[in-house]
Amino acid sequence: MKLELTADQEFFRETTRKFLESESPLTAVRQRWDSPDGFDRGWWRAAADLGWTSLLVPEQLGGGTLSGSPVADAVIVAEEMGRMVAPGPFVPVNVVASTLATWGSADQQALIAGLVSGDEVAAWAFAEPGRSWDADAVRLTLTVDGGDVVLAGRKAYVEAAAQAGHLLVTARADAGLTQVLLATDTAGLTVVPGRSIDIVRRYGSVVFDDVRLPGSALVGEVGGAEAAVERQLQIAVALQCAETVGAADRVFETTVEYAQDRYAFGRPIASFQALKHRIADMLQWLEFSKALSDAAAAAVDADATDGEAARLVSVAKAYIADHCLDIIDDCVQLNGGIGVTWEHDIHLYSRRAAVNRAVWGSPEEHKERVAALLEI
Amino acid sequence: MTDARDQAVDEDVESFRIRARAWIEANLPDRDHPGDDDRALQALLFDSGFAGIAFPREYGGAGLTLAHQKVFYDEVRAAHRWAPCGMPWQVSIGMMAPTILDHGSEELKRRHLPRMLRGEETWMQLLSEPRGGSDLAGATTRLTRDGDTYVLNGAKMWSSGAHTCDFGLCLARTDWDAPKHRGLSMIAVPLHDTPGLVLEVIRAVDGNPGHFCQEFFDDVVVPVENLVGEENSGWAVAQSLLFHERNATGGAGYGYGLQNARPTNRQAQRSADGVIATAKQRGVGGDPVLRQLMAESYIEYTASRFANDRIAAGMRTGQFKGPWGSLLKLHLGALSSRHAKIGLAVGGADGVIWEGDAKVGGVAGEAWLSARGIAIAGGTNEIQRNIVSERLLGLPREPSPDRDLPFSEVVRNQHR
Amino acid sequence: MKLELTADQEFFRETTRKFLESESPLTAVRQRWDSPDGFDRGWWRAAADLGWTSLLVPEQLGGGTLSGSPVADAVIVAEEMGRMVAPGPFVPVNVVASTLATWGSADQQALIAGLVSGDEVAAWAFAEPGRSWDADAVRLTLTVDGGDVVLAGRKAYVEAAAQAGHLLVTARADAGLTQVLLATDTAGLTVVPGRSIDIVRRYGSVVFDDVRLPGSALVGEVGGAEAAVERQLQIAVALQCAETVGAADRVFETTVEYAQDRYAFGRPIASFQALKHRIADMLQWLEFSKALSDAAAAAVDADATDGEAARLVSVAKAYIADHCLDIIDDCVQLNGGIGVTWEHDIHLYSRRAAVNRAVWGSPEEHKERVAALLEI
Amino acid sequence: MTDARDQAVDEDVESFRIRARAWIEANLPDRDHPGDDDRALQALLFDSGFAGIAFPREYGGAGLTLAHQKVFYDEVRAAHRWAPCGMPWQVSIGMMAPTILDHGSEELKRRHLPRMLRGEETWMQLLSEPRGGSDLAGATTRLTRDGDTYVLNGAKMWSSGAHTCDFGLCLARTDWDAPKHRGLSMIAVPLHDTPGLVLEVIRAVDGNPGHFCQEFFDDVVVPVENLVGEENSGWAVAQSLLFHERNATGGAGYGYGLQNARPTNRQAQRSADGVIATAKQRGVGGDPVLRQLMAESYIEYTASRFANDRIAAGMRTGQFKGPWGSLLKLHLGALSSRHAKIGLAVGGADGVIWEGDAKVGGVAGEAWLSARGIAIAGGTNEIQRNIVSERLLGLPREPSPDRDLPFSEVVRNQHR
């Protein structure tokens, strides 16, 4: 929620917000609970037309930043998506597009046009069942067999796995972390669709039963994917933090308004000091969350090599996942009974925040990461 | 039937324990396979003199004390047997029956208490209103005397289990010119096939019908003899009801305590055991950070158990006067959200993401979504904190600008 | 703070309280800041005369319980000591007396009379520098050499080490945990006196430079001290919990009174809802702390073999060390600026509670212990 | 001397940064060996046009903006050099000088501001009173006009560093029949060799004299021209002072931010670095549970740094109106106690127990004892929460029964 946006960024926020308000109001979000995909393809193409999928792609590949700080640009979309608990495979598509733009072969970069236009969806298969969101935890094996590579293992919690035409897969070869890009209809690959407590966000598992691919499926060198994976994680976490902050911001805003309108004991409930003090704490957490989210995005944009980006991304995730969840949680309390019903919109945000807490690493995992980066 | 109760005259707690234990072992079903007819089981308890243990004998009770009741349910649990303890018994026998006992007319008590204790009738409460929230005394449901009957108009909300109960104790306004607390009356409203009454089950956060209901009253006619207490003295009755509710929720008084209830899957997650089981299942039981969190949950629930005993003893011995059950309710209300967050940490991605197309899964996530229920229902955490500070510690009351105004002049919700 | 005491226990609480109020008021506690020992020998004998040191000793050895529940009896003293942040080596003397009564030789039991009368002071040397308060962490070595045993290593955080005539030492032999009793003037043993942030509680380190003792110094068998050590820990923690609860109880009581007397903005500060709600939370923590402290003491009295005592003692310590510290901390806040001055008595309690948090194991250590006992 | 300042006219921030960097490298001492004459150093800054960077040139400042000031101190820190930033400069130049600038007479400003900026005079505030606490407007120190002078009677407390400062800005009551906020005046009281003034240093929790003082005024005569603002408009001056205080404490406005101050041993413990160093020293840096706690401290202090920048930007761009510094102060106040508890956990027994007979040791324990200071001084956490909720979010004010009464009728502390 940067205070000093460029004019282009301001305009982008405005069009994004208007688009979401008219094309994805909360009533529409609720309706997509029944849909297997969670989002509509035509709607996604319209979102892509606004620029949602092109920000992390350089101009020569059909993208372009608004401000020279592509992650900060994308953060604007993420915040607005959070405010409207919007559907759409925003993080995976942008992460894959960004990595293909930097590390992909020319053939692989051909996919970018489809991602940018919204015709194609890609997902990033990274985490594995029951394991932490850490590159060190990747166990899916990649074996080099002549000119081919063979993948065996299982991925889980893959956003939009069942909706994607392509997967970027992070695997472990003898030489180290390795990534491949493959189509989801590749032989030996099974996508198990799944859901989450989020109303519209779908995840899936992916089983790799000795999936054989030509060497051209490699994104970068065998064993040389460490920097790409770290960057992907940083982008994903930065965007997710912005989304969580957007969600908390909206919940806080509507709850404070409600507390001023709602009377009990002859007074607006916002006049009760115990509530006022909790609201003050919430504003503190919220503003600090905004500051950290922006700081993390700026560090990822700067792509600093001194570990600043890695550290700030983890700092932001740990702070935001905890405090924004607490904000939403206490806002449920302030809303009273109606806040724990299906009819009230706040649970849509609780759901998103709870999923975001876990995905891309829990606050506990990111605190450990911070400790490690500080060399404690 | 009266024979069973006769044994109980002046029986001391330890003798009662021995008698109860033998009876429990001979008569009650296994806790894990209790069958599904709690009503029949409650009738068996009643007919054997073990229902309403602390209720007077003339109303079908055993004429003993709350200490005897506690012993009985401790023995049931120790023997791994089952006696009806969850909803609606917890409410009907643990909260409504004592309220009738405190305030009902002799006729009401004689007619209804034995049926309630035997499980033939189940009762619940109709207090909160859609626009009212915690301000129960601000009720705007209208009760009007019309010759030999009352006529009820308005709406109630957050009434747990109204769809499965026979009677609801309804707080309604009979005098609009009196200050808010002095124009209310309490009346028992039949909930089945009542003309003018529309009852809807509120959809819970998981998208399914929950146990909360909403009722709309459109010229519902209720007999005058259903009034509990005097006209315009309904607030005193409500206070009594809330006292019993807090105690029952906390596990003191006439209630059975949540620890006696049959755990559902979701309730299981709402305890340290559920979280620990999740950790073992996910293979993260060895994580030192998660171990701290699981230990914390265990510690809080253990503290709750002993605080329960302490407060029961304080009330029994008269050292604790006033609504001390609020302290237990406050703890549960504050813990539920913290515990749900611990569940999210232990559940990780598996707590919020699952394979397949079912819309409900991820037990930790679902528990998190509904965790605030206990912090709101039955008096919010905030209300409990007011009660604790004002009524247990005697701190000054919150200013209530509406307290002494005629109710018709009170400012209510505004829309800007 | 049991609600149902026997008449003897009620009387004992009353005499203990009166004794502390007249013989150890807070002004006297403050004066002992200058004293190396922290307590006065004559005063300690008077306390012993009241029964402070005899409760965990059976009648035939000159002691006796009031109620048949000796730990519950001793808890009464601990609570009152907490309320008055009293001096005196209460925990070490009682722990050593209890263990000698159960496991000591007849010669060793001769010391009990002096402990009971208050003429003798003994300390328990258990923890080691920088290590946790866990029997597994004991590294001080005991080597059997013919009929002798030799101790080498270092103990730390030993309450009343420099004030004691005898030490009960927990050591590790090849065969396992082993305990010895020795005089503090034994050759090769050096006591390094120390202090703590508590005003009157003194701790010391003890260096064992190949201290050679006859086999008669053993308390129980070589390698056979596990049960004794566990019991000593349970007694120490149960008494410490009671003391911390007593301290928080007194602070809470005086602070609530102050908040009712103190006016700001034309109102007693206790009329501000934000403070009322925090006070309500504090009462909840305090009552739950009392319940757990009593439950732990009862379990130690019952000496249950199913692990109930071990578990409840750790549950109590973890809960009480955290929550009673929080109570005192927020009471400092409610007292305002005066609460962070030397003149105000609340820091005496903050000091005691902070020392008690660490000694006999931190809440973090006891939570881990709970997890282990639950076999998570 | 004016030459140095002349360079600054309309200078943009980046040009200023380059000029400042060169000057800093050529003139300022190493941060770790800054010498002990901060007054001389401040005079050097002043004479070179780098003191009071955002103050008008006619009062000795450089006539630039707060953004320039921030850049200057960022550069000082980046170059690992030292400029006077701690007490008393943070108060005298960061809070008192801007208050004089806002409300002082032209004469006061011309006489004192250059001296304050040059470090020849140091100023502090005399607001709180022994019986007053947070209720600053309830001051009962009496200021009476007597011909050409004022006479001061009463007592002040919690005045930081009064014993080392030259002047104190004192809030006193001039009209006892006006409502509390409308009978106050602010006056500058000389603190050295002032007849009738007794100044005592309050003993801190560690038993040693701290930095808080208490002052007793017994017919202290103060010249009329020392009045800051009009008679009976002292509350507006106090508000201005508190605004600058919150900003300075939070690290915005004219203050330097705590991150620029030279850390003392105790302050070092009051940061993640201090706790981490303790852990390494004790060999417990590998403990996964303590690592979570240390990371938490690091995260909070990092959040504080970026929130600082955010709020400074919001105030600079006018998007944040009102006392947003309160949010930073609230965070520091809430964090200090949490951080001290983390210190206790990491310090373990070594944090509270030490060898030898020194009465002070155990850095974690001592930090814990004094942690609440920052949560109380400069406006308690509670006051900040009131400010945030009422003035940043516009929630309804707390009822103040004393607000409109003549002050002489206000109920004050009672003793039961």
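Which chain is which? They are A, B, C and D, in the order written, and residues in each are numbered from 1.
We take it that a residue touches a chain if its C-beta (ideal position, glycine included) is under 8 Å from a C-beta of that chain, and two chains touch if they have at least 3 such contacts.
Predicted model only: the values in this text are computed from it and were never measured.
Asks: Does B-C or A-B have more contacting C-beta pairs?
Replies: A-B is joined by more C-beta pairs in contact.
Asks: Let me spell it out: compute each chain's centre from its C-alpha atoms, then which one is farthest from chain A's centre?
Replies: Between chain A and the rest, the longest centre separation is with C.
Asks: So, what's the distance in Å between the C-alpha centres of chain D and chain C?
Replies: 42
Asks: For chain A versus chain C, what separation do you get between their C-alpha means, in angstrom?
Replies: About 51 Å, centre to centre.
Asks: Quick check on chain C: which residues sit in contact with 2+ other chains?
Replies: 260, 267-268, 272-274, 276-277, 364, 368
Asks: Indicate the residues of chain D shared as contacts by at least two other chains.
Replies: Answer for chain D, listing residues that touch two or more other chains: 288-289, 292, 382, 385, 398-399.
Asks: Which positions of chain D touch chain B when the two form their complex?
Replies: 287-289, 292, 399
Asks: Per the contact definition, I'd like the list of chain C residues that touch chain D in the complex.
Replies: Interface residues on the chain C side: 33, 36, 127, 130, 156-157, 192-198, 203-205, 260-269, 272, 274-275, 325, 329, 332-333, 336-337, 339-343, 347, 350-351, 354-355, 357-359, 362-364, 368.
Asks: Taking the touch rule as given, give the residues of chain A at its contact with chain C in the complex, in rising order.
Replies: Against chain C, the touching part of chain A is residues 272-274, 276-277.
Asks: Write out the stretch or stretches of chain C touching chain B in their complex.
Replies: That would be residues 3-4, 256, 259-260, 267-268, 270-271, 273, 276-277, 279-281, 283-284, 287-288, 290-292, 294-295, 312, 315, 318-319, 364, 367-368, 370-371, 374, 376 of chain C.
Asks: Could you pull out which chain D residues touch chain A in their complex?
Replies: On the chain D side, the touching residues are 276, 279-280, 285, 288, 291-292, 294-296, 298-300, 302-304, 306-307, 309-311, 313-314, 317, 319, 327, 330-331, 334, 382, 384-386, 388-390, 392-393, 395-396, 398.
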